[in-house]
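Each chain carries a letter (A, B, C and D) given by its place in the written order, and its residues are counted from 1.
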Amino acid sequence: MDKVWNSVEEAISDVEDGATVAIPGFFAAGVPRILLRALIAKGVKNLILACGCGPLLGASEELELLVKNRQVKKVIDSYALYRSASKGMQDSFEQAVRSGEIELEVYPMGTLAEKYRAGGAGIPAFYTPTGAGSVVEESIVTNIVENRKEKETRIFDGKKYVLEYALKTDFAFIHASMGDREGNLRYRMTSRNFNHVMATAGKITIAEVENLVEPGEIAPDDVHTPGIYVQRVVKVPRLTFAITID
Amino acid sequence: MKFEGLPREMIALRASREIKDGDYVNLGIGIPTLISNWIEGKDVILQSEIGMTKTGPLAFGEDVEQDLINASCQAVTQLPGTAYFDIFESFGMIRGGYMDVIVMGALQVSSKGDYAGWSNPARGLEVGNIGGSMDLCAGANKLLITMEHTTRDGQPKIVNELSYPATAKGKVNMIFTDLAVIEVIPQGLLLKELYPGLTLEDIQSVTEPKLIISPDLKEIEL
Amino acid sequence: MKFEGLPREMIALRASREIKDGDYVNLGIGIPTLISNWIEGKDVILQSEIGMTKTGPLAFGEDVEQDLINASCQAVTQLPGTAYFDIFESFGMIRGGYMDVIVMGALQVSSKGDYAGWSNPARGLEVGNIGGSMDLCAGANKLLITMEHTTRDGQPKIVNELSYPATAKGKVNMIFTDLAVIEVIPQGLLLKELYPGLTLEDIQSVTEPKLIISPDLKEIEL
Amino acid sequence: MDKVWNSVEEAISDVEDGATVAIPGFFAAGVPRILLRALIAKGVKNLILACGCGPLLGASEELELLVKNRQVKKVIDSYALYRSASKGMQDSFEQAVRSGEIELEVYPMGTLAEKYRAGGAGIPAFYTPTGAGSVVEESIVTNIVENRKEKETRIFDGKKYVLEYALKTDFAFIHASMGDREGNLRYRMTSRNFNHVMATAGKITIAEVENLVEPGEIAPDDVHTPGIYVQRVVKVPRLTFAITID
């Protein structure tokens, strides 16, 4: 079952305007930068980028281009803004959020991880203690007022929990250190982060891999993401990048 | 009103005393991160919510590895016994109660143990960076707050009611500031340690809720 | 009434024709397991709910490895590209819809595509072995049933309403028996293929719901 | 953080009458047989054994002793009975279930896996499509009539789902191929099955390991169960066992 595609351009050729795309990465680590660049080059619009923890702060050049090209309709994330308010004021993404041009929908990070996991695992909804006692329990946190859909809470054993829903995406872009031709993947160190769970949540999961190997070269006990979740594999070079954010 | 107190490193040192051998610990951004400098020699394992247990010291120069960062986006190192895992496993263990001690920074803490840290209304945005903070609070067995006692212009950060958006309610166990060590008890805030030279009137003047004075009140021990 | 029909291996062969290159497939206990003998050469990956993708052929003799079994507790082998994972990942992919084809045995199937397999009331127990069957049905993109057309004493297993406890409702797509190939369609059961020599009256006599006869009705092709 | 105990006897010394103990294993594979034997030798009673897929069919000798010694109050499982009804009639466990001496509570396997996962991950309850349309959606499936607590269902997007609850246990017994002194574990092949998830669900998790190694000998990217979940580690010999069940 050979899932290797020749180029990132071909591999994302069916990503169309309005698609929801999962973008893993935790700040600078584990971001599918080359797939993101192909998305920029393709120029599709009205994208919903479903993130986990600030991959677009980590890939700030890519974010700037996406905003400049007006390709993004909405970002889902737990940590999408610069920590520094003054730097944020100069950031074109934050400006677009402030003006309402881009929607920013925010969740606690663990809730977001669990939403992708639920999406991949056929669980439509779950209860979590996270966010109870905060605005998170009241409604969806977003800069677009009319999208602040109310949330449900429920008491179990005297403690309050929030009902949260599964999140599946049209595509998931994955960055892996190693992948075999059948889509079995391995990640390095903390670049694993959201990559595995998003691979499970994407209807079409496209993995850029730094090392492409034959089936069997990843020992069966050492596979991080079974190939069943991965529809397409593309070999990419290993990039060097700065890991600081502000 | 603003008093001279401990530098940030010393707040971290004092808070580090609450961490004991055998603890699994998660340190938030800011002063909490500095605690990692003070636990050398302790049999403690640091978890980073990015997906790592037994996080090693910060990496510099040639030791920097772009695939290895902590949850504050700093280059770190691995140790013998380090484990990497994915993000849902990481937050499973956080919510599931596997962190013995969690230390966070805060914008405000209330006398009921509520705390605010994720959003500063002054920024003028109704969205903000929640990150892992709410999950960490939900799962904490012991939640410590380290922060400056007042804002830059001397306003109390320890308040009767939060005016900033809450991160979690009723979860804070202890507060470590540059001026004091305070425990959150059912009756309110118990002042246990005070910066040398400060009077009870001084500390009350920069603290909104009426402090309960511990019969064992002492100077902050470092 | 009981008719001579295909042996179990041939039911498996016929069902195997529904599996195409690129499919991820899970095979239940019994006749479904025999399908693995008929997919050699196809670009198909077998999932075992115990926590394995790309399950290899059965192991015999020296190749038997006690840590490597399929979900039917048979010694199996691994192949280049095999992956092992834990049980919640395994059922995550099952419920999450990653199985293209699932093949199960059954005690009864109804004209609405309901199916019963986990509990035989004759055993006199109100508990039984559910195993992974209900999860597999919940997540199946295509659910095939392979079974004998009748019980040992000739009673229909294809019925109007289940009298055995349901495993799942409305999920069955096709039924492969020793006597016939039947598709479940919104209007009922469409008879598509028949064992050579049987008449329409014969097959109806051992099938409770009134069969809809396909205009393309043919003999079972092996 | 050395978690190694000298013997299985010491490691389970605080397992008391009435304890709930998670027993992983999928039929014969990955069952913590040596810990089970220590439990038999200890003679504690009224145990609730929380299983996943028939580990006590795989470890049938141990089951027979547990039943004979009247140590078991209840078994939770997805597949606890012999497939063959005639063999079952002669089985002392099934006889005890028939007489009501032992309670057998049954779930679909994936639901059970998810209940342990929820227990370990701080999720109190979740919705699953599994079992909708069967008796599983109506009430808990058990031979003890008064324990058939009703279940809730709910419709999401026109489809029916069942509400299921987290399951945490007092203890989890784990069988791992390799463990380091700090409790990081690795499993071999399909013996992994319920071991990882039960390690997360046990309040006290005790791992018997065939190979005991120093921290660092398991590469950080190759850990299956992080040591944070494991409180005690005991070195045991590798047993040979038959893998067939009836």
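Please note the rule applied: a residue touches a chain if its C-beta (ideal position, glycine included) is under 8 Å from a C-beta of that chain, and two chains touch if they have at least 3 such contacts.
Here the structure is a predicted model, which is why all the values come from computation and not from measurement.
Among the remaining chains, the Cα-based centre furthest from that of chain C is the centre of B.
One finds 28 Å separating the Cα centroids of chain A and chain B. One simple way to say how far apart two chains are is to compare their mean CA positions; for chain A and chain D this gives 34 Å. Inter-chain spacing, taken between the CA centroids of chain B and chain C, is 56 Å.
With centres set at the average Cα position, the gap from chain A to chain C is 37 Å. Multi-chain contact residues of chain A (touching two or more other chains): 114, 117, 121-123, 128-129, 187-189, 192, 220-221, 224. Contact of a single residue of chain C with at least two other chains is seen at positions 52, 78, 84-85, 88, 91, 94-95, 138-139.
Per the contact rule defined earlier, chains pair up in contact as A-B, A-C, A-D, B-D, C-D. Within the complex, the chain A residues that touch chain D are 114, 118, 121-129, 156-157, 159, 161, 186-189, 192, 220-222, 224. Against chain A, in their complex, chain C makes its touches with residues 22, 24, 43, 45, 47, 52-54, 78-85, 88-89, 91-98, 138-139. Taken together, the chain A residues at the contact with chain B in this complex read 26-30, 52-54, 58, 78-81, 83, 85, 88, 94, 97-98, 104-111, 113-114, 116-117, 128-136, 141-143, 177, 187-197, 224, 240-241, 243-245. On the side of chain C, the complex with chain D involves touching residues 29, 48-52, 64-71, 73-75, 78, 84-88, 90-91, 94-95, 114, 118, 120, 122-135, 138-139, 165-170.
Listing the residues of chain D that touch chain B in their complex gives 1, 117, 119-123, 180, 182, 184, 200, 214-216, 218, 220-221, 223, 226-229.
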